Structure formats: C-alpha cells, structure tokens
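Structures for review follow.
Same chain, two partners: chain A is paired with chain B first, then with chain C.
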Partner chain A sequence: MIVKFKKIILVGAVAIACLSQPILAADKIKIGVISILEGAFASLGQDGVRGAELAFKEAGGKVAGMDVEIIVMSSDASPDSAVNAARKLIDHDNVDIIIGPLSGSEGIALRDLSKGNKGVTFVNGSSAAQDATFREGSDNFFRFGGDGAQWMAGVGTYAFEELGYKKVAVVAEDYSFPYTQVLGFMSEYCAAGGRVPKKFWTPIGTKDYSSVVYSIPDDVDAIFVALGGADAVNFLTQYDQAGGDKPIIGGTITIDQSILDSKGPFKKLLIGAPAGTPTVSDYEGKEWKEFTASYLSNFPEGMTSPTIFAHHYYMAGKAVLLGLEQVDGDLSNQHKALRASLNNLEFVTPTGGTMRLDENRNGIIDNFVTEVYEREDGSLGNRVLKLVSNVNQTMGQDPTAFRAIGAVSRENPSCP
Partner chain B sequence: MKLFFIVFLNGLTLASLYFITACGFTLIFGLMRTVNMAHGVLLLLGAYIGYEVVEMTGFWVLGIIAGGLSCALVGAFLQAFILGRYQGDELRQTLITIAISIILADFLLWAWGGLTYQISLPEMLQGGIRLPLLNVGYSVVRLTLIGMAIVVGVLLWLLIAKTKLGIIIRAGVDDREMLQALGFEIKKIFIIVFAMGAALAGMAGVIFGSALSISPGTDIQFLLSSLVVVIVGGMGSVGGAALGALLIGLAEQYGLAYAPTYGVVFTFLIMVTVLAFRPQGILGRAEQ
Partner chain C sequence: MSRTLLLIVVILIILPAFISDFWLNQILTRSIILGIAALSLTFLTTYLGVVSFAQITLAGVAGYTIAYFSPNTTGLGIELPWLFAVALALLFSTLAGAFVGAIAKKSVGIYSIMITLAISMAFFYFTRQNYSIFNGWTGFSGITAPVAFGVSLEDSLVFYYATLLSATAAGYLVVKFTSSPLGLAVQGVKDAARRVRAIGIPTTPVIIAAYAFSGFIAGMSGVLNVWQQERISSFSVGLGPTIDLLIIAVIGGMRHPLGAFIGAITYVLIDTFVIDLFSRDRFNMIIGLVLLFIVMAAPQGILGSFLSAQKRIRKYDNNAIKRKIKNDCEI
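Showing the complex of A and B:
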C-alpha cells in the first residue's frame, strides 16, 4: 500500500511537471499500468512498472507529439483484483491503453474484460497463461511476449537427450501459469521419449512441503520444479533437509536470480540445474547490455539488473509506443488503426531477437536454456546453454495437433 | 505405510509450530477477550528482527530472544497506549488490531522488501538424520520443534498453574471485576499478559523463519492458522490450542500427501464440524 501510494505521488508529480510545461499538443495519451505492488510479489511487480516506464522515458515522455500520462494500479495476483484495477482505470481515469497484468490467471481475467471494452487496447505485461491468447482470444488483447510453455522451449529435449533423464516427477503450483510451464516442458520431453509418472500440484503459498517431499517416487531421475519465490525456497530447503539428492530441473521463475541470491544450504542442489527462460540477467548480448545500462541509469534504486518482469513490461511499453507512433496517435474508431499496426509490428527485443505477433496476437519469441553455475566468488548465477529462436505458441508443432491436446489442466498433458 | 508414518511425523512437527504460535493468541484472548488480529504481523516482525540479530551475532538462540523481546515491547506498547483505552469494547479492539496489522505489515514490506528470508540455523540443527525403522532422512530442526513445543507448553502450564501471576491470570479469566475489586492493578496485568502473548508470537516467528521461511504474506497465513487452531481447540485454553494445533497440523499434512489439491478443505471441514456441534471449541468453556 505504501509502495503504491509512493508511486501514485510520484506519478502525480510527474504529471504535474508535464502539465507545467507549455502544452503543444491538444491532447495527451493516458496509459494505465497494472502490476502487483503488494504482498510477496511487490518488489518484482515494482520492477515491472519500471520496465513500462522505461519505454516511455527513453522516448522523452512523448509519443506522436503527445504527452504520455502513466497511471499505475496495483493488483494482488488474483483475477478479481486485476479486473477491479482495470475497471478503475477505464471508468474513472479514462485510460486509452492498459499495460499489464503480471500473473497468469490475471491475464485471462483481463482478456475477458477486454471483450466488453473495445474502446481500450490491452497489452499484456508478463502474465503467461496459455489461454490468455491461445483459446478464446480477444482482438484488443495483445501479448508481446511468450506464454509459460514457450518459456520452457528447449528444456525437455535437453533434459532427455543431454542429461539422460528418463523419468521425471513434477512439483508445481496449482494455477494456470505452472500448468502452462509443465505443458511446455512435457510436450518436448514426452515426445523425446521421457515419462512423467507423478505430478504434485500444491496451493500457492504452501509453507510445509515435507509430505510432498516424501511422496516423490524413488525411481525418478530428476524433479521438475515449477514454483515461485518463497515456495521454491521452502520446497528446496525441505527437500535438502530430508536428504533428497535428485537433480532439479527449474521452471522459469524457479531459478530466478532472487532465489539464487537467497541464503541456505539448499542451493547446492541447484548447481547444474537446467531451466528455460526468455530473460537471463547476465546475458552477454549487445542489446541486453544496452537495455541494462538504460535501466540502471533511469532507476538507480532498482534491481542490479532488469528482471523478467521489467523486460516484459518494457516490451509491452515499447510496442504501445511504436504502434502509436506509426498511426500518429490516431485512436479513432475504437483504436482500429492502432490495432492493425500492433498486429504487424516488428521490433528488436532487449535480448536481440525480433518481436512479432502470430495470428492469436501472441509473441513469437527467442528462448534460452540456461544452467545454474557457481561463480568464482561462490555465488550462483545462470549461464546460457542454448538459444532457441522463433518459438511460437505451438512450440513448432502442427497447430491442429497441438490444439487437439486440449486446454492445460492438472491432468493435461499426461504421459505416465 | 511408510509414507503414512512420515506424514504423521510431519503433521506432529507442523502442529508444534502452530501450537507455539497459537499459545500467545489464546493467552491474550483468555484473559482479555481481545481477538488480537495483529498476532500474525507480530510474528513476522519478530522473525525479521531475529533474522537481523542472527546475521549480526551468529547466535541463533540470541535471535529467538531478540525476536521475543522486541515483540513483547511492541505488544506492551499496543496494550498500554492503544488497546487499553478501549478495554471491554471488544469489537472496537478487534478492528483496531486489524488496522495495526495492515499498517505494520506495510512498514515491514517497506523495511525488508518482498524477498524471502531464511534464518540460518546453528550447525547442529542443520541437515537431516536417518530415522531408524523407517529408514528415511528427516530434518533435525523439525524434530527439535516437537521438543520446543513441549517446553513451551510445560512452561506455560507451570506459569499458569503454579505461580502467583498464573493465579491472578486465572482469576482474571473467571471474574475480572472481582479481581479489580480485590485491589489488583488489572491494567498492569493486562499489559504483562499482552507482552507475553506477543513475545510468544515473536519467538514463534524466529523458529518458523528457521524451519521454513518468511516473506510478506506469512503474517496473514499464520493469523489464519492461529484463528483456526484456537477456534477448533477452544478460545482461551492452552490445552485446547495444543489439541487444535494437532488436529489442524495432521489434517494439513495428510491432505497435502494424499490429496494435495483439496488438502486445504480438510482444515475447514474440521472447523465447520466443530462450530456446528461445539461452537465454544473442543476444550473451550461456554460463556455463562
């Protein structure tokens, strides 16, 4: 709440500063940003807001000659909170464009809301549930980024072929984003010949995993862990304390730098663990270095490098900016021109790839397979093993066959 | 079958943690009828302070003491200057503690950020041992929890059953007005008991942060589990808290092991059943 309040004051101050300058354009563009600024995700959510702001700061706070006003709203990872935040932005602030949300099921909720609000264009932040775009998409909901399955591209094959894991157990949180991550892993892994005999779906925020730890079958070669933040730390600690020694395969947010930086003996389990992610904090690419430098100079109080959330909110902001420039700020006829331009937009991402959308308005992305390694000073980092280019939402498989797998759920996909 | 026994042990250790947390809550309610909704945030505060102290000094026990003491101070302050003014007006007190809980939680988020913290354990509590008979590894710190819960339970029982303060507290639970009429300074006693309850929350926080981990949101989770434990066990009864903790801990762990998705339902099924057939809790006394 404090963070949000500070943010509102900040945004308010920026808005006043903008207003006090001589106003050349007759109009201004209002952009709402929805991110999680309370609870366990607060610091990550704040980094998402930084990403969106960065895109407009780099352009000098103007787009197509018009001033940009950014209004930030907080949600709390639940779908209804995201909808409430969006309603407030639409009905009260009259925003033209909404950037966000952060978490999986929130994205599905905003997509549904977008169907009844055609006068507003929604650009997804970092929410990565498959069905936000893949099924029942909405023509004013865009995602300039991948879903959780795309973020796992390359990992299943790597685990089976390079590491030789024949059987893997899954431990994941029980909501749409981990479902999608498990799909991404299993679609490759099972196709390569691997088996997943058991999946454990645990509620978000579970503290005590000990009974799950002891239920993991003895004959699996590794565990695929798709848990975030505190949940990952708790599971790994308890697994280590129980004497567990199976190798770990990480989901996108499981092997986040914040977890590698947290303290505890569990970290030795992670060395050598592969994971899939679109964002690698110490990636060596030229564009990433430039992006990091720009981030650090604009937000000295931010993280030591941009997180996946800053990266994705930045791409959303960038897309909005470029789209508005192309149509010269024309939002008439329910944003018709803007939507057409977003559908055909192409731009270079901070990781050096080319971002463009498929027919479901979902990004075609470049993905990394990474590995946790011990740096010389004893701390842990992620290094890139493999870059998988042009990953589309069907993971390169035949679209009809991929669609026939059905919506992701606890039971789907399955290969025991 | 092996899994069944291990889950039983897990349930027992989790129950120990719940018991230590719920003790403070039930103690405060038992004497003052104050439903302290700030109990969870006191737990989180104690855990953060314990973390800092352990990082600075390297002594785990010192962290527990520091966490307990600092929460005792905050608790005493709350009772002396805020809640004490509205003694007897339970609804208002409850609403005030909710407000305090929200405000304090945001201050903690501001000070310590959204990261997950783990308090480092002393060498001898780290890692696991192999259990005889079952032949599986089990973490030492979890086994220690059972011991800690027993120590806390016995100390509390001694305090309440054998000391002068205990006699006053028990008298206060039965008849506050009479105690006051006999010349006991009820205000001071309230402050002491509130501080004790808060200290228990703070210490539970440090223990919790060592055995599992702490992050924003832990406060609400533990407030909820404390509430459920004391509702099931009976508000104001230490024995009830122990029984409630045991039931809830076992239900949660068996749920997680055998039906992970619906595990949380068992907890609330127990609560609904108890409320339907024995609204005062299993060991609670009905209001006269």
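Showing the complex of A and C:
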C-alpha cells in the first residue's frame, strides 16, 4: 500500500512539475484584468471587465501587430484578494500588464505590490482612494481617472454659492473611499466659506440609522450623504420617516439610477439634490453617445448603458492600447518605453475631455455636477448642471498647501 | 501511516527543486499556512468535540500583533525585535484562545458554533472600526518577513521551509498533546464529561487549556500569514476566511492532523484555478459544486475516505490470503 501511495505522490509531483512550466509565447501581449466578480459588487465588477475588453475589441483584438490575450481574475473587494489575484496573474500567467482593481483599498494594496514587481505595468481600474497615487506612489502604477475627491469637484462651490447652504452635516460610510469623497466636497465647500459642524461615520451595511437621524443638528442647511446602495436607501427612508426635511447633497455613488428607480416616499427629499460624478449614463455629448453605442453593440447582454466602472476600465484599457501602439509593443528594459509613453499620453475620453496624467501618474479629469429632477411622467432622473474641466488631484489648490492637510481620515479635513 | 508521513515530508522538502515560484509561494506555502489554521480547528473538533468559528480570530490576534510590533507603512505601532514580536503574538493568541474557551466552556454543538461565531464577528467589527490599534478598514500593510539567524525569510524558498518546519512542529505538538495526560483528559471531557468530573478532574481548566492550545496553533498560522501576505486588515478576520477554514477542515478530514493540510491544498487549487478552467461569471458556482461533491462523496473528508479505502483493501487482501491458505490446506 505504501508503494502505491508513493506512486500516487510521484505522479502528482510530476504533474505539478509539468503544470508549472511557464508557457512561452512570442508576439503576444498578455493583459490581466482584476475586478470584483463575487459578492454584492459582482454585476458592477462584470461591467468593469466589459469596459476593459471593449477597448481591445474596438482595436480588433490586436495591438502593434500582436495578439492580445486577456486573463480575468476576480477579487472580493478585500485588499488581500486583490493581491492574491495579481500574484497569480504575474507569477503564473506571466502577464505584462494588469488593469484593475475596482475598489479603493484594493488599489492601495496593488500599488504596494507594484513596487516589488517592476517588470509589470499596473493601470488602475476604477479604484479611487487618494493615496493610491498621491502619497507614496509607485512609478509603475498609473491611474487614468480621478480619485474620490476629484469626483466631487464643483459640488462644494455649487452648494455654497448657488444653493446658499452655509452649514452642512456629513453622513458617510466609514472607509477610505468616502473619506476621500468628503475631502473633495469639504475642500471646496470650506474654502468657499461653508461650515461642517458634525460628521457621522457609519459602518457599511448599517441597518438602523436612528441614532444618526436624531443627532443631526437643527441648524444645518443640508446633509451631505456619501453612502452607497442599500445604505443610502436605509438612511434616506429612516430620515424621511423621522420627519427630516433638510435638502440632500449626494456623493458619487449615493444617487444612482437604481436609487431613483426604487419605491418610497423618501424620493421627494432627493428632488433638486446635487451630486458629483465623472460618469453620467445618459449624457448628451457626442463622444459619450458613440461610446454607449459601441458598448451596446459589443455587449448586448450588458447594462442599458455603461456604468462608471465600464467607463473607467475602458479608459484604462484605452491608455494601455495607445501606449503600446506608440512604442510598437516594446516591453524591453522593464517597460521603460511604455512607461514614458503612458506618462505623456493624451487621448479623448468618452465624456469628451482630454485625459492626461499629472506628475503622480494620476489622471486630470472632467467632472460633472448633476441634479436630480422629476421627469414629466413623475419618475426621477439625473441631469447635468455643469461640467468642471481639468480637475487635478489637488482640486486646483496649491499642491503644498493641499498636501499639508495630511492623509484623509475621519477627523481630516475639518472645518466646524 | 508514520512511514507515509515521513515520505510526504521528504517529498515536500525536495519539491521546490521542481516547481516555479508561483507554485511554491501561492499554492504550497499558502496551503500549508491555511492547513496550520485548519489544524487548530480539527484539533478542537476531533478531541474536544466542538466546532469553533473563532480560529481565524485567534490567528488574526497573532497577525495583528506581528503587524503592530513590526515595521509597517501605517505609522502605527512599536517596533520590536522579531523574536519578541513572535513571542508576544503567540502569547496573545494563546490567551485569546483561553478567553474564547472561558466563554464557550459550557457549550457544545450548535451553541459552541454560535458563541464562537459571535466572538469572531465582534472582533471583526472591532478591527474594522478601531483606528488607534487596528487601523480600521485599511489595516496594516508593508510588513515584511524578518531576517532570522542570518537568512531572510522574504526569500520564498527560505520562507517555504520555515512554513514547512512550523507545520511539522504544529502537527507534532497536536499528536503529543493528545497523548499527554491533559490531552487524554480533553478527550475524556468530550466522551463523558460527568465521569471525568466524578474521578476528580475539574472540566473547566481542561476545556480552557484545549482552547488555549488551539489558539497557539492558530497563532502560528497567523504569524506566517502576515509575513506571507505582507499585510493584514479587517478583511483577513471576516466571515469569508472563517467559513473557508471550516470548508478546508471538512473536505480534508478531521480525524488526522494531515487532513487539514490535504483540505487546504485542495481548497487552494480549486480557488486558484477554477476561474481559468470555467466561465469566469460562474466560477464560484463551480467551486461550490466541487466542494458539495467532495462532502457528499467523502463524508469523512478526503483523507478519511482514503484511509477507509485502504482499510477495506487490506481487509480484502487478508481475506484473500486466508482463503488461499484454506484452499492450499484443503488440497
């Protein structure tokens, strides 16, 4: 029996040894895509993958005369899983470039990983934590998009100057992405003269907001709500039931179409609510219509229009494609030529702006301020109030002064 | 079995010569680390008869201790020499184990599951919302394995051997513990707690000792895990890893320490490669079906089924020999 067992193990060892031989293939660019394909974000993560694939499909699956092979890995929104997915893509699949990840803390984890893997170029998907590029950036980690603060550009000024809100309370989820969103809102709003006397940080998945609802100060003019999905619905419902009537200001993922389509009397609170976002699904711009048409024809099973995730993964894919074309697929010397070309790349985004990077390899973007309005049939939609162009990572402020604010946290920034 | 074990260890020692870095790091080393954590669970289940959901928490206590007392990129914590950090990590995880045992001492079956699950979820939410020690949602990153006795544990080969050595030590400790007087008392508590009390052995310290011991083993895996991942966050101690550990223990088999490691490697292989073999939109369903199949086809776990098959074959062999002897004699 022992002999048999030995045999089994030997066969297993040989099989493992065979499996582990790297498959060498010339004239092929391997691109890994990391997105969240499990759990609550799965359908959004899938849309991210569609975006990345769309960029290469539009180019006929070839770049600089070479075939493109896309290998998709899933993470589950945790930094650990994103790192595991990236390690598998790098060590096992031998990819040249990684596009992704989707969410904030994952982005910081991959930035850290990229520092030890200089032979791979990382292009961020839709992760929007400020520190992925702003502090301790890595020279092979690029973000062709904004961070959560840039996505709020224009909202603070609009709330203070146009809507006349002098004091605002903040209700937001307790992790890195909402911190960055609150920073984006407050840096403008406080500079314009507004005050934020109280901030409420709630854990993701909170069901009972009553303690928050009843602690909102009476003298604030509005509430800035940076909650996502079910959290936003729960908070708004409970606030409405408690008789709350302060106007709402929304974060990037607070007021999406799914919330506007949900049922409930809380929706009347939202009419007129401004929000900041880099992606408006029914934007009327020419480039956006073309992008939507291309998306719909390539992915008939996809969403009715591209989401913010498809939009950002598409821009990442587009940047990789253009960068590789420019250097004619030259990946020698640890991608030196490709990195130089990505740093200087300029291209037209689906929203009609010009994407380019700053010295931290972070995108300079165009951002929308939107407003919820009531359509003729009584349903609610988002419409564009204004387009803020050329938003950089310091929100147009002096870089040293902006950096001096320090890393975002619950207490930072503050203007009570 | 002991010859087989020796053979497996020898194979594991020479295996790195044949496999790539990815297989070494992401498959073998990761499996062994998960296996040690699963071992702490199978130990409790087999010898004390309770299912504990708190093992990932205990590993997390050790992991966070290492992170807090090692150089990291968050600006939190105090830097200590690595040996002190490891000693503290194992001490804290052992104490945490004793603490869990003290709370769960009276419960078995579904009640022990509920209590340990409650403890682990409380710890999870605490790490997620505490910023002064655990750095909340983001946790610690940039932790590197130390240079120990002149060799850097960051080197994947060195780290693999260190992990293998730890796993062997953990397995050895479990075997020794279970045959010690205290270990026998633990099994006595499982089989007939009243009788154990009747002969004058108080059961509470015995139960707490068993939990503390499992905390020590889980702590070993927690230390190695932080060094391998170079990070730890609230996600590392959440419900997902907790359930993964139970799956590993169940598919491997609970009876023998080796089962935990067989379960771990099976789980890691499925988790890593199913997405390549099947549609990426449905890969979690495939993983679920495979695990379901293993549980249904091998209720004793993979190792358990292997052993019972071995026994059956041996029985068959013996019968055949007996028949042959009988036939020969008759002729």
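Remarks
Following the convention adopted for this analysis, the second predicted complex is superposed on the first by the 390 of 416 C-alpha atoms of A that agree within 3 Å, B and C clash if a C-alpha of one lies under 4 Å from a C-alpha of the other, contacts with A are read in each partner's own complex, and residues count from 1 in each chain.
Keep in mind that, in the parts below, contacts are C-beta pairs under 8 Å (C-beta built on N, C-alpha and C of every residue); 3 or more make two chains touch, one makes a residue touch a chain.
The shown structure was predicted, so the numbers you read here are calculated from the model rather than taken from an experiment.
Of the two partner chains, chain C is the only one that A:88 touches; chain B does not reach it. In the superposed model, A:112 lies in contact with chain C only, and not with chain B. Shared-chain residue A:409: touches chain C; no touch with chain B. Of the two partner chains, neither chain B nor chain C is touched by A:286.
Using the contact criterion defined above for the overlaid structures, shared-chain residue A:243 touches chain B, although it does not reach chain C. Legend: residue contacts after superposition of the two complexes on their common chain; A:230 is shown touching chain B, with no touch to chain C.
Once the two complexes are overlaid on chain A, the chain A residues touched by chain B in the first and by chain C in the second are 1-2, 38, 174, 203, 410. Residues 3-4, 7-8, 11, 15, 18-23, 25-26, 73, 125, 128-129, 131, 136-139, 141-142, 229-231, 233, 235-236, 238, 240, 272, 275-276, 280-281, 283-284, 310, 313-314 of chain C are the ones touching chain A in the complex.
Touching chain C in their complex are the following residues of chain A: 1-2, 5-6, 9, 13, 16-17, 19-22, 37-38, 46, 49, 71-74, 76-81, 83-84, 87-88, 91-92, 105, 108-109, 112, 136, 174-176, 203, 409-410.
Touching chain A in their complex are the following residues of chain B: 3, 6-7, 10, 13-14, 102, 106-107, 109-110, 113-118, 120, 126-128, 130, 136-142, 212-218, 221, 252-254, 256-257, 260-261, 263-264.
Taken together, the chain A residues at the contact with chain B in this complex read 1-3, 38-44, 174, 200-203, 205-212, 214-215, 229-230, 233-234, 237-238, 241-244, 258-259, 262-265, 410.
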